[in-house]
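Presented below are the structures under discussion, each in the form of structure tokens.
Below, chain A partners chain B and then partners chain C, in two separate complexes.
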Partner chain A sequence: MKLPAPVSFAVGLVPALAAGWLLFPRLLYRTEAQPLAFNHKAHAEGGMACTDCHAVAENGRFAGLPSTESCAGCHAEKGESKTINALVASYVEPGREVPWLVHARQPDNVYFPHAPHVTTGKLACTRCHGPEGESTTPRAYQVNRLSGYSRDLWGPSMTRAGRKEWQGMKMSDCIHCHRAGGRESACLDCHK
Partner chain B sequence: MKLELSRRDLFLAGGGAVAGIALSPVPWKLLDDLAIWTQQPSTPTPRPAGPLAFRHTSCSLCPASCGLKARCFGAQPVGFSAVPGHPASDGGLCPLGLTAHHLAKHPFRATLPERVSGGKRERIDRAAAVATLSAALAACGKNPKRIFAVVDGRPGRSLSRTWRALATATGGLYVTPPAAGASRSLEALGKRFDGGSLALGVDFSKARRVVSFGTPVLTDAGTPGLLARLRAESRRRPAAERIEVIQVEATRSRGAALADRFVPIAPGTEAAFALGLAHVLLDEKLADAAFLAARTSGLDEFASLAARFAPALVEQKTGVPAGVVTALARDLAASLPALVLGGDPASAPLSAEAEAAIASLNLLLGAPFGPLPVRADAPREADGDAKLASATPFDALPDGSVGLLLLDATVAEGLVPWERLKRALSDGALVVSLSPFRAGLGEKATLLLPGPAPLEAMLELEGPSDAPLSTLALAPALLLPPKDLPLPEEIVREATAAAGLSLPAPSSGRAAALLASKRGRIYDPSAASFEPLAGIASVDALAELFARGACWIDDAAPEPKGRFALLREGEAPRLLEAALGAPSALPARLTTLPRESVSAAPPSLLLTKLTRETTLFTPPAAANASAARA
Partner chain C sequence: MHTTKHSSTLPAHRYTLVVDLDRCTGCGACGTACAVENNIPPANEKATERTGTVWMRVLEAPASSAAGGPTTFVPIPCQQCDNPPCVDVCPQRAIEYDPRTGIVGQIPVRCLGCRYCMVACPYHTRSFNWWSPEWPAGMESTLNPDVSVRTRGVVEKCNFCVQRLQAARAKASAAGQKEIDPADYVPACVEACPSRALYFGDAADEKSEVAVLSKDGESFRLLAALGTGPKVFYRSSDPVVRERLSRTGVTRG
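On to the complex of A and B.
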């Protein structure tokens, strides 16, 4: 029996589509665990604001991730939970910084200043970082095997369709937001 | 039932697979990620090494000497930004300066002496360069048709004293090019002061209207990055407080395209147009009466001259509609402080009569001591100056007289056109350029002695002569020069000694002369603060500040007593003839070559792209639209 032409074509097409849409993303990204199971929600419910740990000065300058010293301000001793025990044993007592895997890390040729976005643009943290403060465990850090950066730069969907405004940090996303706000800029604003 | 697979089926399945891959994320995602992968440390792309650090210096590419904040990885600068509050530029920086660190690797960069012999360019060693130059030096002075001339693009530096001493030793000429930008207009105005000629500068921050008759204030003259920034900032303010630039020119130059308003005018009719504006100001009593009464003389004579230039007549002469003349004059009067600048000595020089009319217009607007403040030169060592050759204006260089022409690295072809230089050369003349680039005048030279590229050596940088206050920086180097780069000044000294001539030791007393003056303040960019110079304890402490990228700025000069003459003696008939007659003859040194910059260095290869894409030189329409949206 001879195969009909559409069937022969589909024999190649379907596995290729499956490989492209299902296998390729799995091969492209590998998942790495964060060093600690940090609970943002517990901290937020305790009355803490984003800026209590991720300091943003009045002039908008961003101090980045909290240091181990600032964690130790509340968690200097073991005993409350496994995560806190791990924090104290592995980082507070030896005086090491926690090697967080930062979803928002941008390539070296990109210069992102928080100051104009926070101070002048009056953007909330969630506008770009999403509802991170509601998470009970850190999201899986998926690193792109080729580029070496987080999947968050592209967004969760391979098609980038239907993504939320905080999902994706490609240059086109920056341009889209700037254009919408009437703040079209030059190359040199972000690429020094 | 047996399944029969043919070659056709395999092709169809293969086609299906290709189509499937094409319809999956694989192609575009791989393309995107590979682009980012090329920037990874593991890829062969050269990457700067070392920790991130910020260093300060000043840009040497043009006389503006803007402050630079360099973002460095280790010793390698990878990007520049402007320095807000810097005395010379106050947050302004042009695209040329943003790419200064590219120039050391420019394809036209030369790192060894080169000689043109028999029409062929060849690299030579240091000894050959010294021998060639010393032979030419020794031959100078023996024949009046083969004198030595050195052209210094930035007179007043410590190195300038060496060039003056060399001219003295050889019996040659120390030549200086015309000052760029608004200097000629300011000089024309300063000479009208009865208390002695006044040195004036331009303070754009105090002006709301800037009328330029050809001075490229937005692209080349003065500190263009600063005016661009001031203008952009002013657009965020109410319309009445905005700075507007009005370019009055015969051609739609790049500056005219960037200006808020462009008034096209018939060539050579600038004097008539300026007098037409003066007519409206006086006729409608819009001139600054208080300033005219207190600080000027000859108002009646000037008023009777201006009375002849009704807008209708000006329209006939200049081609500018009478309504435009009237509206512009009224706008200037309603938007004080305003200032008017004449032509650019390099690309669009104006006649002396046109500059005189423009000077009078500035007086009607009360510009002196406001947007045109009095300034003094920066202190410099003066020991033995009387024995050194004085400056010869470039225009006075006799034709066919120069047997050895030495072009300092600061000489820009825009100010010293090669066609004019060629006329001054005698047959078989040796032209020596100290440019680090095989471009511009460096390409024309028959002996190229390349020196350090921009940012490769500490440089003594004075601000432009039309800046509101004098500034001085001993700008530290940010880059290492190539190994074994023979320094041109050393070659010249060796050649001078070989020719049996003597030169004084290099001067290094500029910082000491500055400190002794006790004038002005010094800006420390790392602390973003000013300190009075009188508070600096020693020359070493001052040198240390300069090594960190500091910049000195003079104190504001006191307002002198005296009056400006609206018309100088015998000027009225000449002005009348020039304005009413045929378009006035332009100075003979007019160059038809396009001039984009007063820099002696070629632009970075990336500059075209940057200029096109950057908002530093935002055309007004786009900027206004952006401001409206904001």
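On to the complex of A and C.
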């Protein structure tokens, strides 16, 4: 039996698209667990600001993740919860840093200083990082098997349809905002 | 992001290097400091004078007069032209003239390795990576995190330590300032020069040292007649040195 041309075309196209859009993303990303079940919300409700732990250093760079020492300022002893016990046993007592998997980490050739965006530009943390402060458990960290980059750089949706402003940290996302504000810049302002 | 010629409209900042040839002893500290700052790998054992990666080359010009006289050493980084021929020929737009700083920026990840820019550059200041960069075991930990390592197959050159400009800008932002502190942006070669033969600054500021030095009668530019408009100036009190270098360029040392 010979199928009409549009039908046989669709028979090939549909599985190909399904494989490309549904199967391939699953193969492309590997999910890794964060070392501790950190609860951002509990800390924020306790009255802490983002910058209490994630500060911009004096030289304008991001001081990044809090050190184990600063965690130990409040959580020096075991007892309050399973996560705190794990923190104290695995990191505070041996004096090790927590090997967090950073969703927003950019590729090696990107230079992103926080100060011009946060201090000068007065952007809220949530503008690029989303409602991370309301999370009670860490999101799954997904890493691109080919590039080694975090999935957050592309965003959760492969098609990027209906993407929220803070989903995705591709170069085009940076440029979009820079152009909108008339802050177009040279390549080497952000690349190294 | 278009690259345009700026021979008529000069940038708001004009980062400029002035090399005092009378002071240069040819020690090569500038090139070493440059290599360390910019993650330039140790030379491959097969590398030659033509195929090695050097951003700051120190050439030797013959004695200044027929009667002898001292040899002149000429440090040659990218001349940071205001009218850069490399930008015009690049099919990838992997070289960009920043109209706000005058810096000719090389973007190695965009480079396809055709080396047309190396042909176009009259100063031979560009290097092609013929080999994958390799450091002896343990030396990777000395790499500068502010400069990404280039792969094999791309062209690279001096960017006037633009990573230090980025850092200075971030520091100014953190302090709530619009303009950087000039003391925060000094390229590695200038910082390292033991005989203080290198001056660096913003020539758009008329009172700056580089603006004053580059305009007096003792300063000149290499192959000025080509109209490339370099922002690297050379100076010497010896008129013979000035005459020979500005007219003919420099022989390969």
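The working rule: the second predicted complex is superposed on the first by the 185 of 192 C-alpha atoms of A that agree within 3 Å, B and C clash if a C-alpha of one lies under 4 Å from a C-alpha of the other, contacts with A are read in each partner's own complex, and residues count from 1 in each chain.
Methods note: a contact is a pair of C-beta atoms (placed from the backbone, for glycine too) under 8 Å apart; a residue touches a chain by one contact, two chains touch by 3 or more.
What you see is a predicted model; the values in this text were computed from it and never measured.
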Partner chain in contact with A:Thr119 - chain B first, chain C second, else both or neither: second
Which of chain B and chain C A:Leu13 touches, first, second, both or neither: first
Partner contacting more residues of chain A (chain B vs chain C): B
First, second, both or neither for A:Gly182, with chain B first and chain C second: first
Contacts of A:Val56 with chain B and chain C, given as first, second, both or neither: second
Touching both chain C and chain B, counted on chain A across the two superposed complexes: 108-109, 184, 186-188, 192
Footprint of chain A on chain C - complex, ascending: 1, 96, 98, 100-101, 103, 105, 107, 109, 146-149, 159, 162-163, 166-167, 169-176
Residues of chain A touching chain C in the complex: 56-61, 108-109, 111, 113-116, 119-120, 184, 186-189, 191-192
Parts of chain B lying in touch with chain A, wherever the complex brings them together: 1-6, 8-9, 12-21, 23-26, 29-30, 32-34, 36-37, 39-40, 71, 78-81, 98, 610, 613-616, 626, 629-630
Touching residues on chain A, where the partner in the complex is chain B: 1-3, 5, 8-21, 24-25, 28, 107-109, 144, 146-149, 154, 158-159, 182-188, 192
